[in-house]
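Take this structure, written in structure tokens, and hold onto it; I'll ask about it next.
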């Protein structure tokens, strides 16, 4: 017995098709018209789109940071993701200084074990490239990990120097791996932060003012230059501003193997929001920018400069350290540099992008699918299992109501955090049913998933540069 | 009884799927695995791609020019097209000075009547925008014609001035039509040609030297400017050089509604070919450019600056006016300005682009489909009937052997012309079977089509800007 | 007996020198320290700059337009110019349709005869390039006229087509002449104006709205393209906006022989000023733009994209046709397209540029001299007689008080017009004495000049492209 | 008694004047026509230009490097400079690791003492920014040192990190100092060099291949970004390629306070010269590039992207370590990374730039003066004493014969080194007499100078950004 979705319109990255979809087991087995219904569960999708489940390639669940951890774990985070239409994600494993990559990977596998409710993969973050670590890198391919992350910011903590970046890129290029960078000039930021604090500038807004856009543009250009010399495919995470977008655009016009993502929050908020009394809620890195940058990002979605929209989901309690909560944003009271960096948005990505991207005509419904699912799947070695409503693919399917209206609120969201940065926004467009490998996780407001059902995604190397 | 294509890999603009395709009547009705075979003709496509038929949106069949006509008509041209994997095309109707649009359209319908073997549509070329013609334009929508063509070159003949271009764009924008332009500065070219002839420079190479790239760039920028002011969707035909590509690129980065195509010949030949004794063979407008421009065009395919590859197929006999042939290139002996402008390439587009685009890694197989079929279908109002292997779509299907090797030659091609500009080139990748609305037209070297079976394509307005 | 200027600081385009200047007759004969004073009139310039007289290369004195003429003639205009520090100008002769260049030149010589109080030269504006006119062009060199002006706007009146532009450039390039263009797309503007009037949009602001910046950018790019093909030095007059500045910038980065000027009014006012009840005062073409364009223009002065600041002085009475006044701006009541195009600014250029350019640090005092005097002299064939405080040069000298404060007002200005577009602006920096070829024209508020003393400037061809 | 230069043409950065120049003592006191000759030495300069002495702001005399020193000291180098028309230079003091700035400065003063024959100043190179060094920086102003140099290359030796660069820029900006950077990404280069050596690639050409242009472009962009954030005036030394020129160009178009120089050798040679058997002769950093880069540099001179042409003169014996010579280029036999970096060109700058810049029409004679003398004087706080033929300025004067022909050769040059990278080039244009502060140093082939006569140049802070 299968599940037959009828009367819906299939939405893929390029194609839109009015047809029925038959799921058997975990897989889509047939697409057609007037398929025989007997023996199947038939779901009517009149007026709905059927699209592949969202893939969020940039998340931080259960992430330890100084003095606390992010507040969503693999159980709560996965449920929230699925309610928002995301059925797969890739999280960042972080190497410990002095530790091996395998140790770090094992730690992260343990976080997911028994909790996972959607499918998940890992990127490997390198912070300490000792010779034995360099030699260990290729073994990650056997573990299903094909992408490496480097941070050019967070001086004295996660930041690597250009020599490490260069070496890592060389190794990655030789082994068909992808390098991802957080592009901000950490040296300059460290100086700006120290100076601000010396001058008694401690409010949250100084988080943004000490990380100017020009330093993101610089680091982006630098990463591209090293990728050019090493012939390494590069993926710049969470791009926020004109300075960095221009760098990417120029590089892509020269056919260099470079790609970029932005995150949903960078389309909406501005640095002024950090001036609010509750400004700490909006502290993330790179910081929220300006309305002008929003427009640049929308254009970059449209002209294909950017390939992916993700979230960088990394939630912390606004009022943490009480009622059994982990410490949170209150850690930075009186010192913006101690505010845990990150915002919750895992649940809201698709709804917001549909509302502000598709309904406004900025991007087509197909491009929506491409940015949220197909491109992530292709770039990160998950395609064709994920990223498409196609025969033979995993039956990760959203039944999407393009006109469903909701008001975003911390009262109703499923993320394990006491605020929502989009509080009060009315969206139009949301999933009404969500399938993961044929199993329905979401039915309207009802949760049907089960901890442990999510699977680890072993990814393929030599993925294409889009 | 249907036709079941098994063991092939479906190639669409974004998706690649190993699945079977069932055709019933003229339509694709099912895509799946292990579909029941009984009652169907089963065709094995092991090792082959199944892709949507090519759509060539820029052709000139049976085109009257000074002193002759193009040598392929709707019968010979259609057969050649199909052998090359093209199952639909859009030809240019040309208004007569003093005449109405309807008169011109009727003339072109008569050319196709009883001959057409593949599907065809019409663009309307305006050369004389009298008030009554301006008022006639919207009626073309009822005739299934949704795109208008203007020429900024051919001073004293087809060229329109900026006022005509502006007015036409206003009308088009109001009615959901698309404006296409041939972008070269005809005033300057007229002067350069006259000067060259005065100086006794009459060889074919002066055709190229009197049409410098900077004048194509200029006209492209001008058309974009008028499209910007009138908010009219613009499609620049046959772009050949860095000068014009940069104009398009800058415009698209500003989210202006502008698109562009190039033609297959502009990737390969250079102006030096016009210096050969048989240089007249390569005379077309805009002229063939330089190797540097080839690279710019390949990059523009890759970074999505260009949306379409077409042919501008417009063949003339090299040795015409004898043996019952129409006059041809020999008309320009001793005066390059009298060489009929145009080259044959309708049959070779897909093979060449696969060989030099896909096999070299410059573009992906999906992008190949997008450029040749999906984008043309979407931009010109044919989607979703054409442009995709999807349930419900017309069964225009190529069974494509990615490794079939052939040597291009006038000895073997099907175009009605005595030379081939790619003579001797070895290609790898060609169709082994071609279906049009479920009817097989090509089986290896064998022609199965029939004059009169091609249908006129009534196209939809308000097509998207890609 | 000479005139000895002591204790001042000489300001040239590159050099700043604390030294004395000795004038004998019409010429600067010595620069030194501790020069002998006996036998000379000694003028103390303590705290003052000595700089070469301003040269305004874009003026329209006594210009006939539809239904009236500009209100300053060679007498009133020259006095106003000198009070503002301008001691030479170049005016535009306008060919009549059907007439010869010589006829037009004679007409303009007659306007100046007996009235001229400062030195003046002529550009020749071509509107009707019949063959005999084309042949007549080189004879202009014998008349001391080395620059030709073409208008790409004013459809049906002054506008020329691209063929005329191309031919003129060819001739100019062969004879060491410079081509100047008014760059706006007149065809598109004609359509926009007609449409606005059809829709009852008759207020002055529609003058700006029917001449969008993109059409200036387009025409600028077109003129550059034709100059590129013809190898003709090009000078784009009155550039106002980012669209055209970008075109010029890109061309200059390719070492193309192209230059540009802006006019003083384009730094200050915006299209919003046309919405005022007296908006007609600010109507000129191209129109006043936006604050963003102001910044682009300042940057273009700084990065050397622009070479000259001029005025396009072309005054019309705001309340004309009464009290013996010529008709003026009131002609356009109820129909913006009938407002005479032009603003008065001949007297205010230097003061405003010093105040807003030099005092703000945007440009250096040397660059001020370069933009107002040295570059105009070099580009238009007047150097080294004009444009520099150097031994052997004409003694056209401003004694400039960098801290003199004045309030600009129609009450006090010397231009023959009843309003000032900068009314109420406080400037800091003005000439306190003005010499033309050794004769003092201005002494504080006092006029010392005499009609008939101004001389016609015979200019040299083959001037450099800066 | 003075010296009166008659019948020459004065060439300054903007002005060209046929006039006489009177020198009294060390100073130019008068410029005029028909100046009284009695009591003066009169020198006839018929057919000659009189221009300000060249200023070379980038030299390394007597520079200790690993295992040797540069072969010209303040005596030999100064004589060679003067023979080539350079009368002032600014050399780089290099801080020792662990040492103070004052110690380093004292060391360099000792090098010059008793030897200097032309005027000289110092830049301070910071390699070790301890807190006390940071505090010491402003004291350099009292020593007449106003510019700080940082190297982004030479990992493990002279290279500083971005934090040091940021801090230095902050201090410089606060105190009116200028920061100069050597812009190459030293981290990446270190990896490339190590890899090449591992692979047995030891020939000189690998010097160029391990320092690709993209790494110069990157570092230039990075320095500009930090200058933008710190509001520090920046001067990028020895720019060689399109990658870095584009960075500078974009920054200057945004009115950022950034400037750049190139060196004379970067216009002529290519990386292929390093493949010659004597390729070590041409090893300098950044390396010699390509013919395409030459063209970009010429354009950058013309469009004002670059402000200065210098030499980076740093000679080493080709066959050193014998005959009393210091070790030289032979140190790198079998290991390109041990070749002392640097080429001799101090004597040849002006002659080559005149020959290839002025005679070809690429730059005007005035621009020649501006690039070689006026801009260096202004940017580095020497103006108006140096950089101009003006009353009151130091009488540093070249009597320049624009048509003097010479063949460059190590046989005849005055630099203390056994080869010349321009060997055999015929130049046209050279000084026939050279004055430093009124004293004639060069008379044709004859040396009139005297060790100890050169003076230290105390420079002024807050120099302009050009």
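Letters A, B, C and D mark the chains as written, and numbering starts fresh at 1 in each.
Note that a contact is a pair of C-beta atoms (placed from the backbone, for glycine too) under 8 Å apart; a residue touches a chain by one contact, two chains touch by 3 or more.
For clarity, every value in this text was computed on a predicted model and none was experimentally measured.
> Moving only from a chain to one it touches, give the least number of moves from chain A to chain D.
1
> Enumerate, in label order, the chains that touch chain A and chain B alike.
For chain A paired with chain B, there are no chains in contact with each.
> What is the distance, in whole Å, between the centres of chain B and chain C, each centre taken as the mean of its C-alpha atoms?
Here chain B and chain C have centroids separated by 50 Å.
> Measuring from the mean C-alpha position of chain B to the mean C-alpha position of chain D, what distance in angstrom results?
Measuring from centre to centre gives 57 Å for this pair.
> Distance between chain C and chain D based on Cα centroids, please, to the nearest Å.
Those two chain centres are 40 Å apart.
> Any chance you could list the residues of chain D touching two or more other chains?
Nothing qualifies.
> Sort out which chains touch which and give me every pair.
Chain pairs that touch: A-B, A-D, B-C, C-D.
> Residues of chain D touching chain A in their complex?
Interface residues on chain D, with respect to chain A: 155, 161-163, 165-167, 170, 185, 187-188, 190-192, 212, 214-215, 217-218, 221-222, 225-226, 228-229.
> Under the touch definition given earlier, write down the residues of chain B that touch chain A in their complex.
Within the complex, chain B contacts chain A at residues 12-19, 22, 29-35, 249, 252-255, 298-299, 302-304, 364, 366, 370, 374, 384, 388, 390-393, 464.
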